[in-house]
Amino acid sequence: MKLIEYADANAEVRAVYDDIMTKRKTDYINNFWKALAHDPATLKRTWESIQQVMGAGELDPLIKELLYIAVSVTNGCEYCIASHTASARVKGMSEGMFGELMAVVGMANETNRLVAGYRVPVDERFKD
Amino acid sequence: MKLIEYADANAEVRAVYDDIMTKRKTDYINNFWKALAHDPATLKRTWESIQQVMGAGELDPLIKELLYIAVSVTNGCEYCIASHTASARVKGMSEGMFGELMAVVGMANETNRLVAGYRVPVDERFKD
Amino acid sequence: MKLIEYADANAEVRAVYDDIMTKRKTDYINNFWKALAHDPATLKRTWESIQQVMGAGELDPLIKELLYIAVSVTNGCEYCIASHTASARVKGMSEGMFGELMAVVGMANETNRLVAGYRVPVDERFKD
Amino acid sequence: MKLIEYADANAEVRAVYDDIMTKRKTDYINNFWKALAHDPATLKRTWESIQQVMGAGELDPLIKELLYIAVSVTNGCEYCIASHTASARVKGMSEGMFGELMAVVGMANETNRLVAGYRVPVDERFKD
Amino acid sequence: MKLIEYADANAEVRAVYDDIMTKRKTDYINNFWKALAHDPATLKRTWESIQQVMGAGELDPLIKELLYIAVSVTNGCEYCIASHTASARVKGMSEGMFGELMAVVGMANETNRLVAGYRVPVDERFKD
Amino acid sequence: MKLIEYADANAEVRAVYDDIMTKRKTDYINNFWKALAHDPATLKRTWESIQQVMGAGELDPLIKELLYIAVSVTNGCEYCIASHTASARVKGMSEGMFGELMAVVGMANETNRLVAGYRVPVDERFKD
């Protein structure tokens, strides 16, 4: 799967690349975007959605990165773990925070399975 | 899978139930623990691990609940989603925070798959 | 999704039902087969494969049931957990064995994620 | 993610490394432990849990390794498959046993999905 | 999780509900949208993305529904399987097509795991 | 895991290899089959099942390849994605079709999780 560099990109793709570089204050485009560039519509939609979803809100952008990592680890997505661990560090994730994140993710995966195996019924009080 | 009530529990199980009720300041034991009580060693180990992992550290206990939910949603564990959503609310999760949590979890699951499908190679700069 | 009862089944489906009842020495057909009966080719292929795979070999049929449960718990398949837990009990699974099975499955799911999150490289000695 | 070698480890980590080498009668520490060493609390807890869970009980340690592999294959954890396949071989897993293990894991993953897709209701007799 | 009915929805949510009803030529709103309505931004973004992604293109809308079901079955999402199976039927999915879809999904899940367990290296010819 | 080449294969394995080469009009055997050859019974059963499942029926073989990819991406199986993407291209998958496939797979994975997190109840009308 060839990555599409700026020089080889069409106008629609370049517009997204330009927006990424401007908003992120960088001249580097991640491989993820260079791969999605094969489908400009998905590239554009994903970039717009990411900005809407990952920006500051009631949850801090760092917390959102940690949540992203939690999902990516559970799905075993190596690329996503690598890139979002880097992003989280830039946003302030310490080694201690990473360790606690991993511990929670590991524990949740363990207890999710114990619940399934023991077929635990949802408590009445958790039903709504 | 029968749930083991306090009245029917052996001494080892009761000791864990007592500890849960004391530390959580409640007289209610979740179905999860009543199911695990079939295997007292796993009950005890899991309760001890949960306390070590989910307590306050560099990450706030509320953030840990959000991470737990992120994993449970990704694994589709209904019980875990229901019980930890309740816990997160008790610890201060607002409706807005829940909405943002879901949006991040959904987006991460989407992009995890896009990465896999497009077989995106890890950027050199994310390799260590 | 309607279940197909013997009385409503065509000859191809009945032949499989008859074979199941004969080989399993029972007059009960599990819902799984009654659902697959919507696609007789898949019903037949699956029944033949199950017999080849789950029968005695170098691994005991009980061990194979435990492996089946381990997978089903990891995938969160409630039906499969329920039916194969029942089968495993018939084949001799004790409460203690079930508890150990769950503990291993939980632990493996936890460490699988720790490995992913910490991006642990495969040791040279495990490479072949 | 740098692996932490014995020479660079703190006292808490060295204590675990020493215990692993003593109990396993080896001077080799797997990369898994060297990665977890970034978080000594998780390293210690995981090592203690592994010993409790994977040791001899009503299930043989070899069977527990097979269960571990079944989960790891279902989760697609390459490291875990490689390291536990090696462990299982040391404990007596033959080529024939490995082949049967894979066949069961493959079949269970297939039927788990058939059950989901056909939305098979749990048989009354499997409900408790 | 309370579903938000039209009568209780705010203007932003009603605008999406109106658009769904108009474009789908129905007065029925699926529970999915009524649940997402708790987060109007996610509701709007998801509805817009769904239209962009699931509409006619080089792939027929029916084929897209089949792909949706394949993913939902693999993830074990009961709601998604139920609702998209219904949609697929409306778009022309026959019983035979559904049976073939399930057979492929089952087989792919089986071989995905065989590949993982046997640690099959990607053939040189499939590398780009 | 050593791949078994034709020259080193026993008669049972060679018979399958010969059949693959004849039916696929090629002299190339994929690594997948060379790995499965460690277990001739699974090799034979899988090859026969693949032919039954992936051949022309009410669904076109190309559509079946797309479904296979959808599952493999959801499971994160790199080998399967690589080999079936190649097969799909041979059968006529265009770049545009691949882009739409990825968009649907990504979206389905996202909404599957939103459904789980919001605990959306199945609509009455989708219950049968």
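Labels A, B, C, D, E and F are assigned to the chains in the order they are written; within every chain, residues are numbered from 1.
The definition used in the following text is that contacts are C-beta pairs under 8 Å (C-beta built on N, C-alpha and C of every residue); 3 or more make two chains touch, one makes a residue touch a chain.
For clarity, every value in this text was computed on a predicted model and none was experimentally measured.
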On the document's contact criterion, could you list the chains that touch chain A and likewise touch chain D? B, C, E, F
Of A-C and A-F, whichever chain pair has more C-beta contact pairs: A-C
Can you work out the whole-Å distance between the CA centroids of chain B and chain C? 27
CA centre of chain C versus CA centre of chain D: separation in Å? 20
For chain B and chain F, let me know how many angstrom lie between their CA-based centres, rounded off. 34
Residues in chain C with touches to at least two other chains are numbered 1, 38, 41-42, 46, 49, 52, 74-78, 82, 100-103, 105-107, 109-112, 114, 116, 118-119
Chain B residues touching chain F - in the complex, by the definition given at the top: 69, 73-74, 76, 78, 81-82, 101-102, 105-107, 109-114, 116-119
Give every residue of chain B touching chain D within the complex, in rising order. 1-2, 41, 45, 49, 52, 128
Touching residues on chain C, where the partner in the complex is chain E: 38-39, 41-42, 46, 75-77
Interface with chain C, chain E side, in the complex: residues 76, 95, 98-100, 102-103, 106
Using the touch definition up top, name the residues of chain D that touch chain C in the complex. 1, 3, 28, 30-32, 35-36, 38, 42, 46, 49-50, 52-54, 57-59, 63-64, 66-68, 70-72, 74-75, 77-80, 82-83, 85-86, 94, 96-97, 100-101, 103-105, 107-112, 114-116, 118-123, 125-127
